[in-house]
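You will see chain A twice below: alongside chain B first, and alongside chain C after that.
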Partner chain A sequence: MNLIPAREIATQETPRKLRITVLRHNPSEPDITPYLQTFEVEEGEGTTLFIALNEIREQQDASLQFDFVCRAGVCGSCAMIINGKPALACRTLTRDLPDHVQLAPLPGFELIGDLSVNTGKWMRHMAERVQTWLHRAEETISLDALEERQDPDLAEKIYELERCIECGCCVAACGTAQMRPDFVGAVGLLQLARFKLDPRDTREDADYYQVIGDESGVFGCMTLLGCEDVCPKELPLAQQIAYMRRQMALIK
Partner chain B sequence: MEIVHTDALIIGGGLAGLRTAIGVRRRGFDAIVLSLVPAKRSHSATAQGGMQASLGNSVKGQGDNEDVHFLDTVRGSDWGADQEVVRMFVHTAPKAVRELAAWGVPWNRVRAGDRHSVVDGKSVTLKEAEGTHGLIDARNFGGTAKWRTCYVSDGTGHSLLYTMSNQAIAEQIPVHERMEALSLIHEDGRCCGAVVRNLATGQLLVYIAKAVAIATGGCGRLYRTTTNAVINEGMGAAMALETGIASLGNMEAVQFHPTAIVPSGILVTEGCRGDGGLLLDVDGNRFMAEYEPEKKELASRDVVSRWMEHHIRNGKGVKSRFGDHLWLDIRLLGKEHITTRLREVNEICHYFLGIDPVEKLIPVRPAQHYSMGGVRTDHTGQSPQLRGLFAVGEAACWDMHGFNRLGGNSLAETVVGGMIVGEYMADFIESSSADFRFSAGVVQQAVAAQQKLLSSFTGSENPVRIIEDMRSIMSEKVGIYRTGEALREAVTQLQSLLQRAKHIGVKSSARGANPELVSAYRSGSMLKLALCIAQGALQREESRGAHFRADFPMRNDRDWLCRTLATWEDPEQMAPTLRYEPLDVMRMELPPGWRGYGAKERIEHPHTAQRQAEVEAARAQDKNRYELQRELMPFEHLLPESLRGKNARFQEEPV
Partner chain C sequence: MVAPISRWPARLDVIQGVTGLLLVLFMWAHMGFVSSILLGKDAMYFVARMFEGEPIFGKPYPFLVSIVAAVVFILFAVHALLALRKFPSSFSQYRALSQHLGWFRHPDTLLWVLQVITGFALFFLASVHLYQMAFHPSDIGPYASSDRVWTGRMWPLYLVMLFAVELHGGIGFYRLLLKWGVFLGDNPKRNRRRLQKIKWGITIFFIVLGLTTLGAYMKIGIEHADRAGERYVPAAKLGGE
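Now for the complex of A and B:
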């Protein structure tokens, strides 16, 4: 007890030099074709891609674009392709990566510049389309009365499906989403599964069928399961998509 | 120049801004939300532990009500809070939790029967009453007499923000993302819009609105070590300050959270200690039990953070290459609890520390966490100096936190504040629509001023260096332990940075997004805010809540029972103008006293004894709690009518 974890005091004789290659493009400079640029960064103890990219921007290239907000793996801003796989950059420790790191923006989203993509616009569109809010029977809520009771287990199950942070990794890893820009994605299907689980939501299966009962919805999924492989919150995406598909298949 | 017209312009897409927008929208007015980032990525999402509301469902919450929540909050504030606003807040908090439940938030619920828990380092079994099964549960937090913090695992902020944001989408409220308000447009003492920059394209636009709300959160990024998200640079408060008219309240009141992990500063929730976690020193000793025999780890945050720093100074910290730290021990809570109720903490430990908190201790040290200060408002959320300008949430000094905020009261404030301010903003729009006007000249001037600023960066100073230097000064000299000497140095050094900031050069001429340019135009504003904090701390020669002066260690109600107001009238001035707004002891429901933890010695206000006698005489009468409260400090008339109803509770007789 009370020892510093061995990893933290293990002194490396010479810190690693990381080579970080970024796929760069600024759509407001359309004349410049996308290119790869490599930066060198010295690795420190506990260096994350958040730390490394900020260091590059502060010391080497002030124009480099990327998005971080919480830098704690909670807000979903910093998803990017890291050595070929979508992941959250802020909580990726460089010690888990090889000497050469390749970064690219998430595919499937509008590019803002370099590693910054417009997931916000995509997610808002998805939310409007599948209506990711509780559809209650009654319009007015009494704020003074005792709250409606809910089964404690059910509340926990709902939270389980509500942990999605809309980072976009599942969309970037999805074969269908890359071919069909209108595909609602694992993110959209999971969110609907959340409301379907909630007995207070008045929508029937037929209503859900209206929004996801076709190829742009639950029948577009090819069960490649890239979404589940990369989900940083380890959400049960495959299971929920299968469940929604079964329910929708029973409609007609 | 693109001009966007709306009734209400809400700057900030976190919980406070979204709830305000929903309130305005439901009254039939247009509202547009501006946000630096997609709304669901706002800093509200990172709140873990929960939201205080006196529902009193759980066995450890029984007997709780607004009165108890009120006392805890005022004591927590070290009597710096506006007690009427605290009353408005505690009255509305249960309504906020219940509204969110109805909108879908899956609050953890009470499970009738035996409940295993850890209290004061010991494993205990509590029994939840049969009749409370399925009602909203609560966990323990610091500085509270009851278990009052409603929670959704330790992702409460995430769950709330998603529910709120989806509700705003349902109500068709547009959120203009990646937009940064640069300055407020105002004429004849009325705010009428903002000059805004599109962060993705670099384009400037104008928003004209009948009322504007600042809901931009805190300013933790003025410090080097902070739990705050990278977007929390205080630009909303700075923009209000730069009007030269609106004032900022109590900027020196800065909270340091006891348990930020070392070295990244990422927060692990107070829920760790609320659920039974302990703080240990280098010898494995539970030191808080010695400093605070009554509340131990669960004294208020200012007190716990101060003792932690004190203990480290006494050589009891754990040495590491990142400096000294202490340990947070949640091993005694067990794997089941950690992987369900503290799962974000569990993830953070694995990803950022490479440790399993079920087996290992978590290295922690206090870090900047919250700004009690902000844009000074009246009880309706409106600036007393600039009509039509509202502020809500952490960006505001509505003033329910005084000099120290209780854990769980900030999520609650965002939603409660939004519910109240949204109504008052709608009232303002309704009553003042007819006389709303703005002149083209004023708008042009405001735009021209920003264009001039944006094209002025032709000097040689590096904005990133300036901001880094500012952060070091703030962390080293305007932190937990403050002295006149260090604060004087801080002010001088910040002023020299402000001078240097006039000669910034921007190398990148990238069209569209230009992160270097953003640092450049923000640096001067951030420095002004930093100066409000440092100068306010220097002048306040007492210790109150989170503001601790080693050279004036006592709370001094005689001379300092007042709120600091900072203004910046002339853009060229090098320090804020500070004035002080007294708090009236004779109108306090809870006259100044000891908090129940922390220092006992203080310098009394001359009116305290008299007011204390009045309050005691009132309490001696045979009155129910509502009648007594009304006699001591009526507040219901300050609330919007729709929020005045009494809150029902399990097992509380209606009066």
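Now for the complex of A and C:
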């Protein structure tokens, strides 16, 4: 699930020197063209890329921009391109990487600076467009009444899809989303699949079709499977998109 | 609630998949029938006459082949028209795709690119072949086909088309199953790997079969070049005459 695999850490006599190359660009300084800068960091036991980047910022270059909050693969802030693959810096152990690591910001999102991108803006726009929140027909909820019971198996299934952290890796890895910026992405389709599963959401298939029943929605997906292959939470994205496609295609 | 948006995007997606599925199944069966030449000229002669309805009507009617070619052409045209929606269509889209492929070496994305390229090639290759089948339906037989391949200089087209069709169809079949979530069961990742292996197995089988078959027609065509145009008379009929 969500644990860094516990593996015996080999004791190294001389720690490895990592060369970390970062694609640097600050949009607020448009006169400076984007450039690559390489830093050298000594690898310790259990060093993650997040630790290495912090070390660089603290000891070598305070101007290096990158995002992090939780350092445990929960907040989704530190997603970036690591040697040609979108991944979370905090969940990437440097011992799994070669001596030379190349880092770039996630494409498809507004660049804040260096490795920091505004995924929040993209996610909010997507969420508002396809309405990724619980819709109930009743206006008021009685706070005195007992909560509706839910089958534990169903609750488990909903929770499984709820694990999405909106890190943006699936959008960066999606050729369709890169070519067509209005495409909802795996994240949007997964979140709608989650609400469709939930009996507390009273939306019908026609309501979902309304927001994803076109080529910027589920029918735009070309099953390139980049999302499925890079999701740091290993969510069943292809399966959920296929589920939404079947539901939307069969609608009368 | 606001008025529902059109149901057509859903229909188009289904039609693209169904036409693709029918075409790939046709192509696999087609290769099976064409390769009958490997069992001998009589076997291929029998298959050719069978599709002209001889076993049912007592004599061959080549226009039945024209009808099949026309139906396949309609499926092909509908499929191509719908698939065009997925092609990158502007400079900015090509640039985005090229940048994406530049940093992201992802096998399934590359398979899709291969499908776009082979699909584009098939616009031309398959059109030539289908036109020929529709308007020269009686030119199918052990000698007629071999003469077309060699003396008619069609082998380069068939050689390129073999790879284009088998790669395009094999990848399409695999993606169609994943697209609709069929055969993924309770372990989608493992089953996807299995599907990939099956897909490559089928593709390699048909490419090898196709190359062998094309080689067989070329060999007959070379041997028959000085008598090109002459039709094959099966051993059974020769014996009866």
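Just so we're on the same page, the second predicted complex is superposed on the first by the 241 of 252 C-alpha atoms of A that agree within 3 Å, B and C clash if a C-alpha of one lies under 4 Å from a C-alpha of the other, contacts with A are read in each partner's own complex, and residues count from 1 in each chain.
To be clear about the criterion, a contact is a pair of C-beta atoms (placed from the backbone, for glycine too) under 8 Å apart; a residue touches a chain by one contact, two chains touch by 3 or more.
Treat the numbers as computed from the prediction; the structure is a model and nothing was measured.
Peer 1: Quick one: chain B and chain C on chain A, clash or fit?
Peer 2: Partners fit side by side after overlay.
Peer 1: Should A:E29 be classified as contacting the first partner (chain B), the second (chain C), both, or neither?
Peer 2: It touches chain B, and chain C stays clear.
Peer 1: Check whether chain B or chain C contacts more residues of chain A in the superposed model.
Peer 2: B
Peer 1: Hey, in the superposed model, what angle do you get at chain A between chain B and chain C, Cα centres, nearest 10 degrees?
Peer 2: Result: 160 degrees, to the nearest ten.
Peer 1: Quick one: is A:Q150 in contact with chain B, with chain C, with both, or with neither? Answer first, second, both or neither.
Peer 2: Once the two structures are laid over each other on A, A:Q150 reaches chain B alone.
Peer 1: May I ask you to decide whether A:R124 touches chain B, chain C, both, or neither, giving the answer as first, second, both or neither?
Peer 2: First partner only, chain B.
Peer 1: Go through the superposed model and pick first if A:A72 touches only chain B, second if only chain C, both, or neither.
Peer 2: A:A72 contacts chain B only, not chain C.
Peer 1: Look at the superposition and give the distance in whole angstrom between the closest pair of CA atoms, one from chain B and one from chain C.
Peer 2: 16
Peer 1: Would you tell me the residues on chain A in contact with chain B in one complex that are also in contact with chain C in the other?
Peer 2: Common interface on chain A, chain B vs chain C: nothing in common.
Peer 1: Within their complex, state which residues of chain A touch chain B.
Peer 2: Residues in contact with chain B: 1-2, 4-5, 7-9, 26-29, 45-46, 48, 57-58, 62-65, 67-77, 91, 93, 112-113, 116, 118-121, 123-124, 127-128, 131-134, 136, 141, 143-152, 154-156, 158-159, 162-163, 165-166, 195, 198, 200.
Peer 1: Mind listing the chain C positions that touch chain A in their complex?
Peer 2: Counting only chain C, the residues touching chain A are 1-2, 4-7, 9-10, 12-14, 85-86, 88, 93, 96-97, 99-101, 103-106, 108-109, 112, 175, 178-181, 184, 188, 192.
Peer 1: Quick one: which bits of chain B touch chain A in the complex? Just the residue numbers, please.
Peer 2: Of all residues in chain B, those touching chain A are 37-43, 45-46, 55, 95, 97-99, 101-104, 106-111, 133-137, 152-153, 155, 158-159, 162-163, 166-167, 169-170, 175, 177-178, 200-202, 229-231, 263-264, 266-267, 280, 282-284, 318-322, 327, 340, 344, 347-348, 351-355, 360-361, 363, 464, 506-508, 510-516, 643, 645-650.
Peer 1: Inside the complex, what are the residues of chain A that reach chain C?
Peer 2: By the definition above, chain A touches chain C via 81, 84-85, 104, 107, 173, 175, 178-180, 206-207, 209-210, 213-215, 219, 221-226, 229, 236, 238-239, 242-243, 245-246, 248-249, 251.
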